[in-house]
Each structure stands twice: as structure tokens, then as C-alpha cells.
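Naming follows writing order (A, B and C), and every chain is counted from residue 1.
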Amino acid sequence: MKEKRYTCIICPSGCEITAVLDGEKIVSITGNTCKRGEAYVKNELTCPMRTLTTTVRGFSGRPVAVRTADAIPKAKLFEAMAEVNAFRPARPVRFGETLIADLAATGVPLIATANEEA
Amino acid sequence: MYDILIIGGGVVGSLCAEAFSGYGASVRVLEAQSDVAMGASGANSGIVHAGFDAKPGSLKARFNVEGACLMPALCARLGVKYVNNGSLVVGFPGDEGAIRALYERGKENGVAPLEILDAARLRELEPNVSPEATVALYAPSAGIVCPYSLTVAALGVAMDNGVKLSLDFRVDRIEDRGDCYRVFSGERFFDGRYLVNCAGLYADEVAAMAGDNSVKITPRSGEYLLLDRRCGKTVSRTVFVAPTKMGKGILVSPTADGNLILGPTSLDIEDKEDKRTTGEGLARVLDGAKRSVPGVPSAVITSFTGLRAVGNTGDFIIKKSAPRMLTFAGIESPGLTSAPALAGYAEKTLCDEGILAEKKQDAVSFRRPARFMAELSAAEKDAWIKKDPAYGRIVCRCEEVTEGEIRDALRENPVPRTLDGIKRRVRAGMGRCQGGFCSPVVMRMISDELGIPFSDVTKRGPGSPLTFGKTKGEDR
Amino acid sequence: MKERSVLIVGGGPAGLAAAVAAYDAGVRDVLIVERDSRVGGILKQCIHPGFGLHRFGCELTGPEYAERYAEEVRRRGIEVMTETFVTGVTPERVVTLQSREGIEEIRAGAVVLAMGCRERPRGALNIPGTRPAGIYTAGTAQRLINVEGYLPGRRVVILGSGDIGLITARRMTLEGAKVLAVCELLPYSGGLARNIEQCLNDFDIPLLLSHTVTEIHGRERLTGVTVSKVDENRRPIPGTERYFECDTLLLSVGLIPENELTEKLGLPLDRRTGGAAVDTDRQTAIPGVFACGNVLHVHDLVDYVSGEAELAGKAAAAYVKGELGGEEKLAVTAGAGIRYTVPQRVRRGETAEVYFRFCDVSRKVEVYAEADGTPLVSKKLLRAAPGEMQKLKVPVPADSANLTIKMRPQA
């Protein structure tokens, strides 16, 4: 049996969650104050997921804020960044627009979170 | 070939350039740094001393008193802030003799008026001065000025009159070619019939390049604290303490721009570029300030070190280092105050030697203040904005500097090329947030106005980049 | 002179929410004055997620959160003046505006101050050493990266573990910089636990608690910093110096409410919050002048800013309509373990939303409001930290003589 401690990143409460493991098997998860905390720890144990927020180079050359529509594997953050950095839009970026449909083969799209300034 | 090459773009060199620019002579200023006023002229107390401090008969005494008289009119003409706030030297029990001696010395130097105040009168003038102070020397003629604004404005007027400026030109060799001197910086050189050495900390090395090995300069570091405008009215006069065996003490003074300045420490060092501040030094400044003004607030917005160029004679060194080379060396305090008089001396010398002759008829001698909008009434502001909307957009929120003023500074002599250059001209980034908000905007304006890439904008010249290229790579 | 019912100084999250609330309370003539070219305030450069969980039940980025409010403002047709600077406000609520159009004065029925805050710069810390390029506040670095698109540094040390510093550590790492360490003077972080996890731990960036930068090196560009451990009095311990070779030092050492206008109004500032003192309605000591958001006290969650701004906006509307409650006010005392409260005064006989911060870090505490020695309401918390603002809805009795917010260990 071993114990692993986590700080949940799902909301600002930052619950401190303890997972007790028997080999690969989860024996218990305690300390979370909501269900999302449990899901978070289960993910951390298998494939930690993170939402990526960054910028792309806009049509004008100035940065435009973007995010992944959902969390992607933490291990793929830098691969995703390389793809984001190489992206060049064909026209000014609009708020909510999907810029890359499948970022770094995660199946998760990259969407704009701001309008490109005229 | 130039008639005159001025080595050093500090306050003395710039005021010399301004004085010479009224004549038909061709003049170029050679400055080692990427902007003017980068040495002691950019980092000192900004005090226009009344002149009671210097030893009677010394050059310091003579030029101080003369310079202090010239300063108000000069500043008015150059659009530089000067405030005649007066100064106090406060004494504690036992200091009566020292205060009396300063009074006598001031009288001998020709400083008028001077007055010795008792404790009650002192308290009446400056309620925040230490209750333990029992006596003070009051010099109503003393003032405060912004030293780098003065330098920039003087050189600006000089350049408007045709004086040329070379930046990043660190003089490393002087060759006497008979009819002229050839002044080198690496491979680059200029020829000049007459040299004026105003090289500050390096005046000794420049003199030596022309064969004069008599001058020796020691850098004396002085650490300062600059406090928020909110504290600018803690005292209204410049407050010194009576000199003791321990030295001159720490002054507390409003600045011409309305902040409060505390300092300087005084420490002889070896490295002419070592402008570090130290924990001990800054603590000493605060402790020293508390001696005369116990309730001095601690709202520090920045700290800095100025290096004073101390000569080896105990006085200013003003001499001919070569047949056609005038050297100003060891222009430490009261150097700023003396600068207008030193420039006048240089002008007269060069007239006597026939280098300066005919006065120009059309010379410019006035300049608009670089930062002026914040000082205007609502109606005046409105009129400026109606003429040019750029004066309506505030870029630096702390000092209320507008886009129009920054743009003008980028088009005016001497053109700033750095973030610090803008800061020293219009005070954008000089306020309580220290450029946190306006720096990126000012960097963008420098880039656009001067047509240089954003990543080439520096803090103060080569080696001080602010950014390292675009985050997403260059355009494809 | 032009007249407006409610004039809001600042179009950041506080100003936008206050405007919407004032409008929805029945005042149509609302004006937002914003100095930037677009509304949204600092959220525009906060491109990371973490906003809106309380308010919208989902995680938004800063620009998305701002857009939701901007949309509400647009939908109501509320007027926004951009690139317009408020240079003065008088107690009679005459507001002076400066813009490319000129100088204009507007008489407002009510004024809501929502100017936000600024970062504490290096000078305020008095770190000895040189003055090279490469020292930025975290927010300035964030702007250079996210808005300008330039990398302000390659090898970075961060002083201060406030959220902006933590967020910027991750941001710079993603853009290819190496963040060597985050130093925190205090024995605990000022940032949210989740940010330490996802911004530092995810990228193996060490957090050095009880450490500070004691010297800055490099003449033109920063070449390194000396970092020292500090004792319990926050003084550097000689002999613990470590040298970090780096080209950039980011400062995330606190935010200061930007209250220049408030001071011009002659309002004294609460020394603990750095903002004006207000009542239940977020009304200052000057009738008809309200304050909300980071100009009032620095928040860590924008969701709370919006909530506070709605109180202020609604009250400003009520003031204009002559419907704002009476003057019967009771001072709130920050009792044991509580650093400050906002509001500082509450109206008797009404429920007040009281925001507060703890003095120190502790575990399993109970916070409670007490009037005349009688507990009114309490809340149990697993963890108390100065970096995490809390709030309590307090039903203020009609007849109490005092009101205190206190903390005690859980029974």
C-alpha cells in the first residue's frame, strides 16, 4: 500500500487529496470536497490532463489568445506548443473560432479566446 | 573638420555646446554612452547650492555663486523646471559653531541673503525637521532643478543651432596633427581645431590622451533614495545637516518634479562604472535622513547610485591640458550649480583665443518643456488637444505623460533611442509604478517612430535589450 | 456641463459588472470611462484559465470572462468611452475627462470608482545592486508576451509567489524560457495552491519559501541574482547566499490599489486594504461615490470582483433614484486572526456581504461574525491563508453596538 498526495487544480479551493494505492489499484481517495476532485486524481494517476492556454500569431502579426477546447495530456503540452507556434491564420482571427481541429493528435481543437484587433 | 569638439555630453559639455552654438563655429559633442546625461549629470541631488559651502577663494566658491545666479534665467529659457525653494543647514546642540562658520564663509563667498535661525523660527519654516535641531543656516537663494532635463534641453538647443552629436563614441585616443586634433573611438574619428574636455569621471584619461598627466579622478559613489510624490511636501526646503567629522551628512529635499530625494552616501571607490547600490548604503541614507527629518516616510519608488568625479586638488580643475584643449575635471558638487558659469568661462576663453567670434543672428535660445501637459489648466490642455489629439491620450498614468509629448521627444534633439532616454525627457516610467504599465507602449512608440524593430529597443543602449525576439518566430 | 446618472471610472471586470448592475436596477443613463482602447482591463492579458468557476460554473480564460461582461454591456447599449482618462473627480461628483477629443467635465449623479490596481515595482523593495535591463513586474512580462508577442527573458528567476508570478512562470516556460526558481520571502506562498501545482510543479520549477533576492547583478542586461534564505523576521541570513545566473528577474510582490483619484477626492485610505473605507453598499464616506474591485482591495478571484461590483452598481442606481438606505451604520472590526474586512461599515438590520482576509496560514478554522458577544453566523474552513480571500454573509442585527469578524480553531 502506498499513499500519494495531490493538490487539486480543478477550482480555486485547491483541495489536498490523498490517494491510497495497492499497486495499480486505487484503494481510496480522500480529502476532496467534490466529485471533480476524485476524477482529477484518477486522471493524475493514469494520464494527467491540462488545458493549454497560449497565443497564436494573428493575421496582423500580433498575438491572439487561444485555448484548447478541453484538457489535453500533460505530456503533450510542448508538442502542442510547437504546433501552435507554427500556426499562421489565413484571415483575422475571430473569438470562438476553431483554429486547429486536432491539436497534436489529441483530438482536441484549438480555439480562439479573443478577437484579433482590427 | 570641426572648430570645436566637446568630449562628454554631461551637463557641463551640453551647456558649453549651448553657449558655443550661438556663434558661427562648427561644434560636435562626443558622448561615450547611448544618450546624454548618463554620468553624474543624470544621478545627483539636483540642488542649486547657494554657495556657502565652498572654501573662499576656491574655484568651487567662485563658480558656484556665479552659476546659482545664472540658473533661474537659464532654466526659464530652456524650459527646465527650477524651483527657488531655499535651503537649510540644521544644527543640533554643539553645532552652533559649525553653523556660524558656514554663515561667515557664505558671506565671504558673496552669498546673500543668509540668515541664522533659532529653533522656533526653524520649526515655523519646516515643522517636520527634528525637534532636536536647535539652530539652522537659511539660504533663501538656493534652489532645485532637474539635472538631466537641463542637460538634454541645453544640448537640444545647441543641436537646433547646428551642433552635432555622436553617441556611443567613447574617446580612446587623441592625435595632435598640428593644425587640429584627431579624436578617435576605435576606428572612428573626428578632427577638431579645439578640444573641450568635459568627460566627467574620464576627464583624467582624456587629458592624459593629450599628454596631460596631472589630473587624477576618483569616483565617489553616492547612493540615493527617491520617494513618491505623495511625500514631496515633507519639507519644502532642501534640508542639510551641519557637517561633522563624519562628513557632510544626508540631505532631504523635494525635487523639482515634486518627489522627495534622500542622500547621498559618500564612498571613494575604484571602478568608474560601479553604480551598485548596497544594503548598507541605502540603510545609511534612511538613517541619515531621519536624523534631520525623523518622520521621513518610507514610500521609496527607486534607489540609485551616482558617481561624483572627485579631482586630485580638492577643487575644480580648470586648465589647459594642451595648447588648444581646455579641461574641466573634478566637477563634483557643486558642479551642477556651477555648470552655467563654467560654460560661460569656456565661452569667454574660446572667444579670447579667437575660436568663437561672430555671434549668429538667428540662433535659437528657447525651448518648450518636454513634459508640459500635466502642468496646464483644463482650458489650456483642451486647446493643445484640439490642435493635436495626441496630447489627449495619456500613456504614463503616474506622471500623466501624453502620447503627443512622447512623440515630440522622439522627434526633438537630442533624439532618445532608449526607454531610459524617454524616461529622462518626459518622465514616462518615472512615477510610482516605475513603467510597469507604460513601458510596452513606449517601446512600441520608439520602435514605430524611429523605424527600428521592437526587439531592438533597449533600456539604455547596446547590451541592454529589453526583449529577445518574437514568441512565435519571425514572419514566413 | 453634461450630466450622467451613473459614471463608472474603469472598464475592467469591476466597472463592467457595476455598469450592468446599475442598468438592471433601472438606471439607463450609465457611462463607462476606460483609459485603454478596449474594455476588459487586465483580463485582456490574463489568457490563462481559472476565471468564472464561481460565477458561471465553468472555467474561462481572462479574455473570455471579460467578453461575457462586454457582451452584457453591449446588449444593454451602455455607453463606453475608450482611450479616455479620468484626471479628476470632485466630492460634488464633477468628473474631468481627458481624451483625444479634449477636456470634458461631466456631472454625475453617482460615481463608481473601479480603477483597479498596479504592481509593486522593484524600487519599493529596495533590492541593492545594479540597475540593468531585464527586471520586470510579472504583469509587464505577461503583457510583453501575450499582447506584444515578445519574449522578455530566457533564464528567469521570479521573486514573489503571487498568482501573477506563478502564471507567468508557466507562460514563459511554455514559450521556451527556463524558469530557475520562484523565491518567496514568507514561509508560505501568496498564490493559490492550484497554481503552485499546475504552474510550478508541472514544470519542475522549485518554490523557495523564506527566500529573497538580496542582490542584482549585471551592468546593462541582468546577468544574475543573489538569493538568500531569510529568518523568521524576514531578514537575510548571512552565509545562505546562492547565485543564480539569469537574464531576467520577474517581480510578483504584491498589488497596490490605484487610488490616485480617490485621494484627489480627499478620501482617506484604509491602511490595511490600500483602498477607501466603504459600507454595505460599497459607498465611500462621500455620498454618491462608490468603489469596487481591486481599487477597493486586491482580490484574488475575479468572480468576487464581479460580485462586489454588482453591489456597488446596484447601490449607485439606488442612490440616483433616492432609494438608498439610511445612514444607520455600524463599524466592522477585524478581530482575532483577521487582517481586514470590506466593507468597514455595515447598515444595521440588513444582510451584508463581508469580504475578509486572514493574517496567517492555519488549518481547520472557523470564522464567525459576532455582535455584542453573540455569534451571528459562522463558516468552517479546512485551510486559512492570507492569499485566499473569503466572504461571509452577515445578517446585521438592528440594534447591535458592535460587529466583529473573528477566527478560531475548529472545535
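The rule we apply is simple: a contact is a pair of C-beta atoms (placed from the backbone, for glycine too) under 8 Å apart; a residue touches a chain by one contact, two chains touch by 3 or more.
What you see is a predicted model, and the numbers here were worked out from it, not measured in a lab.
Distance from each chain's C-alpha mean to the overall C-alpha mean is smallest for C. Inter-chain contacts peak for the pair B-C, counting C-beta pairs in contact.
Averaging Cα coordinates per chain places chain A and chain C 26 Å apart. Each chain gets one centre point, the mean of its Cα atoms, and the points for chain B and chain C are 38 Å apart.
Chain A and chain B, compared by their mean Cα positions, are separated by 53 Å. Contact of a single residue of chain A with at least two other chains is seen at positions 55, 57, 61, 63. Multi-chain contact residues, meaning those touching two or more other chains, occur in chain B at positions 470-472.
Under the contact definition stated at the top, the residues of chain C that touch 2 or more other chains are 145, 147-149, 175. Of all residues in chain A, those touching chain B in their complex are 55-57, 61, 63, 85-86, 88. On chain B, the positions that touch chain A within their shared complex are 470-473, 475-476. Contacts from chain B toward chain C in the complex involve residues 225-226, 230, 273, 275-279, 281-282, 299-304, 378-379, 381-382, 385-386, 389-390, 392-394, 397-398, 400, 432-437, 439-440, 443-444, 454-455, 458-472. Those residues of chain C that touch chain B in the shared complex are 35, 83, 85, 87, 96, 98-103, 105, 118-119, 121-124, 126, 128-134, 137, 139-140, 143-145, 147-154, 175-176, 214, 219-221, 247, 258, 260, 263. Interface residues of chain C, counted against chain A in their complex, comprise 37-38, 44, 47-50, 53, 59, 61-64, 67, 145-149, 171, 174-175, 192-198, 202, 300-301, 382-383, 388.
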